[in-house]
Amino acid sequence: MFEFINTLLIGLTSGAIYALMALSIVLVWRSTRVINFAQAGQALASSYFGFEALKYVDSFWLALIIAMVGGALLAAFIEIAFMRVMLKHTTSGPIANVAPIIATLGLLQIIHSTIPMKWGGADVLITPPLSNVGFSIGEETLAFSPMKLAIVMLVTLLLLFFTLIFQKTNIGLSLRASAFSPELARLAGVRVDRIRTLGWAFSGATGSVAGLLLVVNGTGSLSPTSLEFSLLLISGFIAAVIGGLESLLGAVIGGLLLGLVTAFVLMYVSDSLFFIAPFIVLLVVLIARPQGILGKKGGRRA
Amino acid sequence: MSLEVRNLTVSHGAITAISDVSFSVREGELVAIIGANGAGKSTLLRTLSGLKEASHGVASWNGHNLLKGKAESHVRHGVAHVSEGKSVIPELTVEENLDLGAIWRRNKSEAAATKSEIFALFPRLHERLNQSADTLSGGERQMLAIGRALMSKPKLLLLDEPSLGLAPLLVKQIFDAISDISRKYGLSVVLVEQNAMGALKIADSGIVVNLGKIVMTGKSHDLINDPAVQAAYLGY
Amino acid sequence: MHKLSNLVRIILFIVLGVVIFILSNIVDEYRVTQGTTIAAYVVGIASIILLTGYSGQVSLGHGALMGVGGYTAALVGDQAGAKLMGETATGVNLPIPLTFVAAILAAAGIGALLGVAAARLSGPYLAGTTLALAVGLPSVANQFKSLGGEQGLFYIVGDPPTALGEGVTQSKWYFWIAALTTLIAIFWLQNVMRSRYGRIWKAVRGSDVAAELAGINVARAKILAFTLSAGLAGLAGALWAMTIGTVSPSAFQLALSFSLLTGAVLSGVTTLGGVMIGAVILVAIPEIVHSVVDRVGASQTVADNLPSLIVSALLILTVIFVPNGPVEQMRSKSMKKKARHH
């Protein structure tokens, strides 16, 4: 019984982090209709920003905020210096669809190669701000700790925050309008280029939270080739696709689903099938609903 | 406040879409631009609203150079463009489409007042306020598109074939609405249309465009009675 | 290069083969080994050119498909070499040509399944699925002991037949196998691309909807492209396995899929003409970087990471400024020139 509950809780917590990653991917998709494969790399880089920040400040939460700002700036920089140039040059031609995918993958590789040059390839440590010791109920220890609780709460907060922004504010309206119809948005006076950069900045900030939370959810160690980040890249993306790419809620559902499934596979099935589980989940979802769980039928594709 | 266009030339690659076009629109004047499909009328509007670059010439509204700067800056100078075909954002609701029109305006209460005026003009929009725009009929979409343009409190309205694809009864409604609006708000209007008769009937003056060049201008009344125009565009 | 008759092409390929043969006897051992790697990359890159450049689909999982080919080769191939090393020979001990065919078929089979899914998915969804495959499939090998787990399996082709004489070393032998296989594969692929199928794929790449309206069975075309492309990747995997001598999950990671994509873009993803360019770059850059780093004396981490940094930067620059690749770019320049002179 406790095993079941523990698995559930572990799955929820990692699922929440995947959800956050998926959120950042959906944010970019919804504001510029590009899948940013470099997202996890940016999250990795932002985690290193956080690590640097911790050399100067004591509070993890402050470092988190600094990392968010860093992540947002990095993303904005990528959008301005890189994506705009790329989109201008590749709107036509046979590989117009594929070019952004390949380019962001290239960017991912660049980030992955540059990080070790600055911070070395070995593990660095980030101490979690809250205890990772599980709450006790009677004699049993839950796989749920103050740290994990904080993670779940933070993710929920961010989700609410972004939903509010997208649905209830003028900025959100501008973001959505720019994504659906950049031309009409321009005619209405929306500064589409700036709004796009803002969308990327939001996603960069979200991604950096996902990265840092990933680190403190685990052992606290961070390295460029860390397994967890590879998993984050894939899971975040798969979660976004499962959720349908169109809604923030979908991203969260996708993330939680993936987190739960992988946790249960790990606990009840086998260790090694851990990596193929996301693929199976993805296949199942896409076969049943090719547009993703909350995606819109037949409408927008790549 | 007037629209001045001088020697405007616009090319698509090797093809010249508009050649040496000059005309002006006074304050409060409704000018109809008629011509066959592909004559360059849409390109003209797109150039005036900043979506397309001009190769030569001058176009200014109220002293503001329309050929320079990004498209999104023109609305701040009172220029609103209702494009042909896809003129609303189907994924947004009716209200969101309208709000989008006023998004650059600082005075939110004035914007709200404009919204009420638009509801008075097009009650159907108020009925469908929270519906997604893709559920609207063709006529309702045109009303929404015009409504959105009005939300930006324009002084110059560029309309690209508003009657396209609409049933005859709706066509009359739209033209009546355009006429009323321009009179009520004292707008300068450039009305591009294939429906020459409908456009000329509500216009003060007209311009006939063929293959990117102006071939005839005059008071709308004169154009309606001109035999050449009648033969070519009015179906007589 | 593109409107030659079949006879001329066959002759050209034979000449190319002879040139390669002569070269292999001139250059030193190390280069010959590199040549084998280049050959494997050429086939792998060609598979991407077919899939992405011709039929417009994207796959991040071709590294895993190479793995399928490699593992198949290890399982059914001639293990005489393994016996020599005292390892227990597994598998069926098929001769090389049959081994390669088996690798192609196995990968093509998976490709067909993937293709069925791919036909229903577009851009990002397809990318995600293949990404998941790329990460998931290698780990399956860990699960089953018969697949060698983390250590993997051996695939040792063994020594060249004595009939060829003394001068033929093992690396030369491998190189000739790889080069011959590659020449045949590329020739075949070129045939396919010039056929009706090539035109159908190009139509599909341009626009699904337009192709459908023109009467093309889009789904079938896409699945076919995926299947053939996967088969090629499987062949590349078999060559890869032969070069390295072992297959293991770590040899077929996501990075390999990235390399194939990179090589394809650098070669010019829409045409076979430049397929060597990407392969050579992928092999040459690490070496150039290492020699530069050795001379300059930079740190180890720089040395380790600089190759992929440079290759990725090249990739991005190519995608932005020369998206159709150098060969296509030159072709359209010369066509424009011709048009102007008329």
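Read from first to last, the chains carry the letters A, B and C; within each, the first residue is number 1.
Everything below uses one rule, namely that a contact is a pair of C-beta atoms (placed from the backbone, for glycine too) under 8 Å apart; a residue touches a chain by one contact, two chains touch by 3 or more.
The shown structure was predicted, so the numbers you read here are calculated from the model rather than taken from an experiment.
Within the contact network of the assembly, the step distance from subunit B to subunit C comes to 2.
Compare each chain's C-alpha centroid with the centroid of every protein C-alpha atom shown, and the nearest one belongs to A. Farthest from subunit A, judged by the mean position of CA atoms in each chain, is B. Mean C-alpha positions place subunit B and subunit C at a centre distance of 55 Å. Distance between chain centres (mean CA atoms), subunit A to subunit C: 32 Å. For the pair subunit A and subunit B, the distance between C-alpha centroids works out to 43 Å.
Within subunit C, no positions touching two or more other chains are listed.
Among all residues of subunit B, none touch two or more other chains. Partner subunit A is touched in their complex by these residues of subunit C: 52-53, 56, 58, 60, 117, 120-125, 127-129, 131-133, 135-140, 142-143, 202, 205-206, 254, 258, 261-262, 265, 269-270, 301-302, 304-306, 308-309, 311-313, 315-316, 319-321, 323-324.
Residues 170, 173-174, 176-177, 180-181, 183-192 of subunit A are the ones that touch subunit B when the two sit in their complex. Residue ranges on subunit A touching subunit C, taken from their complex, read 29, 35, 37, 82, 85-86, 89-90, 93-95, 97-99, 101-103, 105-107, 109-110, 112-114, 116-117, 120-121, 230, 234, 237-238, 240-241, 245, 270, 272-280, 282-283, 286-287, 290, 292, 301-302. The touching residues of subunit B, counted against subunit A in their complex, run 49-51, 70-73, 75-76, 80-81, 83, 86-92, 96, 99-101, 103-104, 148, 152.
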